Amino acid sequence: MNHALGISSYLIAAPMLALLAASLVPVMLKVFSGNREPHPFVTTAYGFIAVASALGLAITFLGGSKFGFHKALVSDGLALWASIIVLVSGAFSIFMMHDHVETQSKLFSEKVFLLLGSLIGMLIVVLSNDLIVTFLGIETMSLCLYVLIAMSRETVLSKEAAFKYFVLGSFASAIFLYGIALIYGTAGTTQFPGLMEQVGPLLESRNHLFLIGIIFVVLGFAFKVSVFPFHFWTPDVYQGAPTPVTAFMATAVKAATFVAILRLFQSTGYQHSVPLKEVISWLAALTMLVGNAAAIMQPNFKRMLAYSSVAHSGYLMVGVVAAGFGDSQGVASAAGIVVLFYLLAYSIMTLGSFAFVALLEKSVGQALQVDDVRGLGRTHPVLAGCMAIVLFSLAGVPPLLGFFGKFGLFSLAIEQNFYWLAIWGVLNSVVSVYYYLRPIVLMYMQGDDAPHVEMNKQIMTRFTLFGSAILIIVMGLFSSPILSALKSAILGRS
Amino acid sequence: MTLTAQDLLFYILGGLSLASALGVLLMTNPIYSALCLALTMVSLAGLYASMQAWFVAGVQLIVYAGAVMVLFVMVLMLFDLKSEIKAFSRGAVAGFMKLVAVGLMTGAFLAAIYNSADTLLGTSLAAHVDGTVSTKALAQLLFGKYVFAFEAMGVLLLIIAIGAVALSRIEGGTHADE
Amino acid sequence: MPMNSLIDVGLSHYLALSAALFAIGMLGVLMRRNVIVMMMSIELMLNAVNLTFIAFSRFRDNMDGQAMVFFVMTIAAAEAAVGLALAVTIFKRFREVNIRYFEHLKG
Amino acid sequence: MAQMPLLSLIVFMPLLFAALMALMPGNRGVRPMALVASLIQFGVSLLLFKYYDASTPALQLVEQHSWIPEFGISYFIGVDGISLWLILLTTFLLPIVVLGSWNAIEQKVKAFHVALFALQTAMLGSFVAMDLVLFYVFFELSLVPMYFIVGIWGGARRVYASMKFFIYTMAGSVLMLLAIIYLMFAARDTEGLGYFTANVLELYKLKLPFTADGLMSPQALLFFAFSAAFAIKVPMFPVHTWLPDAHVEAPTPGSVVLAGVMLKMGTYGFVRFVIPMFPEAAEHFGWVFLFLGAVGIVYGALVAMVQPDIKKLVAYSSVSHMGYVMLGIFAMNTYGMTGALYQMLNHGISTGALFLLVGMIYERTHSREIEKYGGLAKVLPIYTIIFFIVTLSSIAVPMTNGFVGEFLILLGSFQASKLIGAIAVTGVIFGAVYMLWMFKRVFFGEKGELVRDEKHPLHDLSVREIVVMAPLLVLIFWMGLLPNHFLKYSKSSIDHLMQNKDAYQLGVQTMGDAVNRSASVLPGTLLPETQEADSKVTAKANMTGAGVGR
Amino acid sequence: MKPELIFSVLLLAPLIGFLFNGLRWKSKNYMLAGTVATGAAAVSFAMSIVAVSRLFGEGAPTAIQANFYTWAAMDLLSIDVSFVIDRISALMVLVVTGVGTLIHLFSVGYMSHDERPSKYFAYLNLFLFNMLLLILGDNLLMMFVGWEGVGLCSYLLIGFWFSDKEKAAAGMKAFVTNRIGDAGFLLGIFVIFGLFGTLNFAEIISKLSAFSVETGWTGPITLACLFLFIGATGKSAQVPLYVWLPDAMAGPTPVSALIHAATMVTAGVYMIIRLSPLFMLAPNAMAVVATIGAITALMAAVIGLAQNDIKKVLAYSTVSQLGYMFLACGVGAFGAAMFHLMTHAFFKALMFLGSGSVIHGMHEEQDIRKMGGLKKYMPITHATFFIGWIAIIGIPPFAGFFSKDEILWYAFASERGSQWFWLAGLIGAATTAFYMTRLMALTFWRKSRFDAHKVHPHEAGPSMLIPLIVLAVLSAIGGFMGIPHVIGEILPGHPGNWLEHWLKGSIAAVPMTAEMKHATTMEWILMGISVSIAGLSAVTAFSFYVLDPSRPAKFVSLFPRLHRFVENKLMVDEFYGAQIIQPLINASRALWAFVDVNIIDKATFVVGDLVRGVGSTARTLQSGNLQQYALYIALGAVAVMFYVLK
């Protein structure tokens, strides 16, 4: 066996290495300066540099369907764009952490370090070409997040959230791992390319152990992206976690995990199991319904957004269903394009909405209610305007980014003849309008008597919100370049 | 249908592991649970060895039954826990459903094993493998095919080490500044 | 499957044993209220997985399974470390490690 | 000026003005600027007459640019006899609305005008869009400003009303979105087209399978999906209940725009998309809409009759009037279609005028309850005269615009179905009943409690208000006496539509281009050949998915 | 003069008058307003004479025509704004502009004390304009435009004093009832368009040769005729839509004379005469027309017996006389209908103006029980009214005699007629003679019943008297244009029936039965019967109300309930109110409150509630208990496994 690794392996790993190296700097500084916390801005800058350099390296070296580390990693368009989404949301999360009251502390450098560590885990997930490596990546990402959540300055809820996330996450990991074991046992390999070739024969012969393995693996992923009925941790953890961390979880974790799911479903062999198709379709449908319906009833702003993110997972699952069970050649790459585009859109919108929440949170442990935004349209017109754009985009109003995201997903569903899923999806997006518009109602249409609340400075968080609003409009109107870039990256054409 | 030594070993160690696992579940005193868990791990190590996974068996003994269990016991000692009155979760319905769910899942599992048994490869053990050979092969794998995973493990441990320390220093942590 | 193979120990037996261990671990997570015991139950589940890996590895004559077990053990250790650190933090705060104190977040 | 993007200019000028207004400091000066801006955009829209060629049914002043080729979406706009008058109606109403809301909107003046102008762009866009997705974008986008207009400047139950408005209309249109996507794929998979497009002219060529015996053929399902969206927008009985709420709560200018233009987007959709694209289904299921249209006429009129609130009465009268439009469209003959088109304009003018008038009296008394009025004619004679003229138009007395539309529609629907025509004709009676009864109670008889009030004497219309109403009155008579002035611009388009119901196709004519080009060469001009060929390959071989056809 | 110019002046004169007065509607200068308006009407009249004179003489055209512009054109439909004066509309236009001018003139005096004379004259001119459109339009649509236009003016003028709720309500009632008819008219137009592909009168009639007489009820021509007739019942106040006309007396009296007696209400008759060849093809429809006409003639006459408002009596009389005209149309005697239309225009306008003069003189008193003995106060009014009276009850040789008798004769002798129609007409005539005599007696004769200290009846000024006198003359001699042959033969110079000659070829000929064609004796006998019955009836009334005033009360006390029933107009309004209007309003309320709110809105709320239900269930499941969540995961896994592995 040739153990030598080519240069290409290191190039693929370069973003991760950069992240690791840069992330250690603030911690090291702290160690060498006698445990004195560096200025938060310095830490933020280092974090940003880490992410930026990783992003630069990713854009430079990723893509083009290359393998590395004995096929443990694959660098393709999917990985490239998922890395971009993950890294960008990481950068914005660091900005928000710098500002946010629950993450500002003497341990800020450690928090940034953990977030960067989590990013490394995510990059592993998106680059992984092997189920066990995916598992390692997921664990890296999750373990960092458990700690990161627990490190909030809030003392009760954040600990509870961290612990719940930890126990349930480990529980789900065990199940996931069991699934890997069964797949390993039945297919003889855990590497995606080999596995994908095995899927067809194994499903055709109705190998039950393999089916259980697939189910368990899907279940483990479903837990991470909060698909019903594995979503129950989501609102609790999103609420308890510091808002910047929530934003990070809601965007980056989801993006990374969905890429892993897509990799799992890159085979046409799944068509041999109709029940599997049906059950995943049902999960998608129920996820949309439960997420949207629960969000309607939710008075807590962050929980509402949490349920909304559950619903968005449901939409994304439509793409996954199409990828796995569509009946035309190359549907998986097509699904990759629309799912990634949706993830990009969703990440931008979600970052914006959580930035808005972060701006309104003034004290540690404050549970922001939806009603608290009353009258904001008058007192803070720019913020409210940006948030309104974000919310309309989440609701899927054209020509904002969210609309085109949904357009792509539902196009895919229709092309692959998943009509009822598409219909269910759009009907759910109508339901979602109800709660997305509620803050707008409160901001603009009610509470003219609301007092003027001083807003935290939070320059970087403002920047995040503002930037996301701008991006939503600009990328909505000019989504063509992004789409064509995505397309050429994923189809491997220039 | 002769019962070979190998089979006997399986039934003994398997039964032991199952019993001790049940002990983990049923013992109301956490310390006893921990000890039962250690016993399970030891018996599993035996099973690994019986399947000629010598290295893994050794790691199981040292890392798991040794280090990890010590960590658990230490924490338990730190908390100074006694036998708990309410060791199990409340709710008859919920409890019933939990039993049913796990029962069904296991049942489905066993049925699946039964169904797929024909397709499973090599239902009899292969020839004896030398421990050094298998360990070497494992090492080749770890530093060859799985080198990236191996390195990633290292990174993970580093991050977790720093994270765990940081966690102990937060407000209310064991090593908090204030 | 012929009757004698029920007694002849084969892959199925190992798998069944691991399934049983996994189920017990699962029950522990579902039913025990002490967080430490819950974590131990998760360890049990991971051990069950390991048994599966080893069994498959053995019966397929494929070393990959053992490598995976190696990783799983590492992860298990890391999880234990983080989990216990969390538990300690929580204990410091609540003087108790029973999960019934963790129902503030709901709805 | 051969290639001046006139239509784009018309569509986006209001948005530009909105942006300018948003950047203005303070609220002072917004109104005059808005007025000037609105007049400018109306003036520019009048340029259409110069370049529009009424002799051809072809799509004119066409502009085509690639927008999101990956999704098959292009920026493709054009105007023909069907949309010409709706565009002009939209631009015509804006200055009136701006001037009419001079006093009605007291707070957040700037924001209001920004919303109003943005809405203008969305509405104009949906009338010129010839790409289905582009149309959908404008169609949906129009909800947002209107949502704010109702929700922020509306009455007491404004939140309920605006929410209902938004969700009702969106619920209808999302199904249309799916239908659009389906059509695009159908276009791609059809022999001869083979590429992914939302270009309406191309989609006209599709022959969707239709079986008469069931609902399940694609054409029927698509027909109903489109119809659902448009029927809610129209609104048609029985999905009309959002309208009265929205109207009652909306501020006067909001009501005017809502009734005047937004409802037309629904009926326009039927004419532009539903009938030509799904001819067999429209033929086969047309009776449903014919019947519902007739029911809507009578139902709207009857319910309007018993309303205690003037504005709600007018709102229900809209339901009735739009029922006429639906009736005309689904009569599927030239008379009905022409009448429907005319009635759209009439409704925009006369109902718009009614809402303005109701708003004017509301500004004076802050009440809209009919019971509290009475004897207004003695106190506000000018107001009474204007109101009366508008009432006449609304109840379709000859020599006003309303008559032309109703006559043609009823004529057409009677040719289509005697029974339904006969039902619909009773609307003529009920229409007179509810309007005149309301008129009697408000203007005649003893002075009511609001009119009697000595402390706050009512003032008759100011010069501004008369100026607001004057153009509407002029149009009421102009359109009533000389309908052919207006009809001749739409004639060739409607004739073309009705004569080629089963195989409707539309040519295009860019500005300054005298020769009609056949629509079939269009895709070539839309995108370079290579890409088109490329897309065919990908469609068949590899990149099936996601409509990422190109 | 080119036809275009003639029609322009003819039509625009009243329109200009309307605009002139309309723009200075606040002005109280009744003299200026009246002069302009009357002048406008007079110009129209003059122009009508000019136009009509062209039709006379050898080789004169049968019609003059002018086309202005295309109103709308698409597919088969092509509607021009074009006008025609042929032999039918010539008569009508002369009556309308002539009588109209007189009534304008009368109004100058009558409205001199009103607050808004300019507005009044504006409306009056507008009416004239619309009426001319109705008459002169050469297609059904133009006729309909005028048709609705006159209805509108009628509405405005009835509700002229709108501060009075009753009057405003009367206006609305008129408009709405007319609208019901108009709806029928529209349907008629649609059927005709479907049948002939044109709405032009001449073209319709020229295309008729391709059609044969329809026997059934559902043939297109029968349907068209019936629908058109519905329109006519609305405008011309026939059963069952006549109820608006008595209420319409709320308007100023000259208006009643012009619109509600002489011109507008005869539009229905005019329309049927215009389309007489069409109606001839639908015998069933004609039977309906005749029957409704006969019923109306009788019923309105009966109601008229017990009315005490001078204008109401005249109103019911108008309804009754219109019934005669429809009876004539129904039996195919379109010429007779036209003849009666004209004579009726003269004498009924005369009587209305006379009543106006009385009301004017009596300070707005309209109750005839409070009048009496006005003969000595207003001799000229009395004299003219007297002429009107004998004209309407059919005493030869006054106008009413000729026209009514012709109708009765044809009702009897036409193929489409019957002795029953004749009998109904006869009874109607007798009843008319009775109540008209009663009206005369109570108003002008015997002693005054008003308080002479408070009320000082006086004769009106010249502007009101001149029209009265002119109309009286016309009522007296108007009948000579249609002298029946039987009478003409015995007169010196053998004057023929000029009217019949004039209209010959323009309208369908009377389909006489073979044996009646030359039954001169029979005609004489019937004429004698009708004149003597009417005379007898008048004498009875005279004895009741003049010779022994106590007799009516005694007579009435024999049938108190019947009398009350008649006095209350046979309870028709109450019936409509209780059986149609109120149920309609109740139903509408129910539609609003039930269908809109409870069904449609609820249905959407149900969806919302369902979603909410799902949401709250999801939130309940979200108990916060970690192990519960783990259980959900396990349950989910189990469910998925079982579904997939099943």
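Just so it is clear, A, B, C, D and E label the chains in written order, and each chain counts residues from 1 on its own.
In this text, a contact is a pair of C-beta atoms (placed from the backbone, for glycine too) under 8 Å apart; a residue touches a chain by one contact, two chains touch by 3 or more.
Fair warning: this is a prediction, and the values are worked out from it, not measured in the lab.
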* To do: From subunit C, count the fewest steps through touching chains until subunit D is reached.
  => 2
* To do: State which chain is most central when centres are taken as means of Cα atoms.
  => D
* Between what two chains do the most C-beta pairs come into contact? -> B-C
* Structure fact -> In terms of CA centroids, furthest away from subunit A sits chain E
* To do: Starting from the Cα centroid of subunit C, hunt down the chain whose centroid lies farthest away.
  => E
* Asked: Where the centres are mean C-alpha positions, what is the separation of subunit A from subunit E, in Å?
  -> 79
* Structure fact -> Whole-Å distance, C-alpha centre of subunit C to that of subunit E, is 98
* **Euclidean distance of C-alpha centroids - subunit D vs subunit E, Å** => 40
* Using mean CA coordinates as chain centres, what's the subunit B-subunit D distance in Å? -> 69
* Multi-chain contacts in subunit B: which residues touch at least two other chains? -> 89, 98, 101-102, 105, 108-109, 111-113, 120, 145-146, 149, 153, 156, 160, 163-164, 167, 170, 172
* Structure fact -> Among all residues of subunit A, those touching at least two other chains are 132, 136, 139, 143, 147, 150, 155, 163-164, 167, 171, 175, 185, 208-209, 211-212, 235-236, 298, 434
* Can you list the residues of subunit D that touch 2 or more other chains? -> none
* **Touching pairs - complete list by chain label** => A-B, A-C, A-D, A-E, B-C, B-E, C-E, D-E
* Structure fact -> Within the complex, subunit B is touched by subunit A residues 1, 3, 5, 9, 13, 20, 27, 68-70, 72-73, 105-107, 110-111, 113-114, 117, 120-121, 124, 130, 132-133, 136-137, 139-140, 143-144, 147, 150-151, 153, 155, 185-186, 205, 207-212
* Touching residues (chain side subunit C, partner subunit A) in the complex -> 15, 22, 25-26, 29, 35, 38-39, 42, 45-46, 48-49, 52-53, 55-56, 60, 62, 64-65, 68, 71-72, 75, 78-79, 82-83, 85-87, 89-90, 93, 99, 101-102, 104-107
* **subunit A - residues contacting subunit C, complex** => 132, 135-136, 139, 143, 146-147, 150, 155-157, 159-164, 166-167, 170-171, 173-175, 177-178, 180-182, 184-185, 188-190, 209, 235-237, 239-240, 298, 300, 303
* **Sites on subunit C touched by subunit B in the complex** => 1, 4-5, 7-17, 19-28, 30-34, 36-37, 39-41, 43-44, 47, 50-51, 54-55, 57-61, 63-64, 66-67, 69-71, 73-78, 80-82, 84-89, 91-93, 97-98
* Can you check the complex and tell me which residues of subunit E touch subunit D? => 25-26, 69-75, 77, 141, 144-146, 148-149, 152, 155, 159, 162-165, 168-169, 171-172, 175-176, 179-180, 182-183, 186-187, 189-191, 193-194, 584-585, 587-589, 591-592, 595-596, 599-601, 604
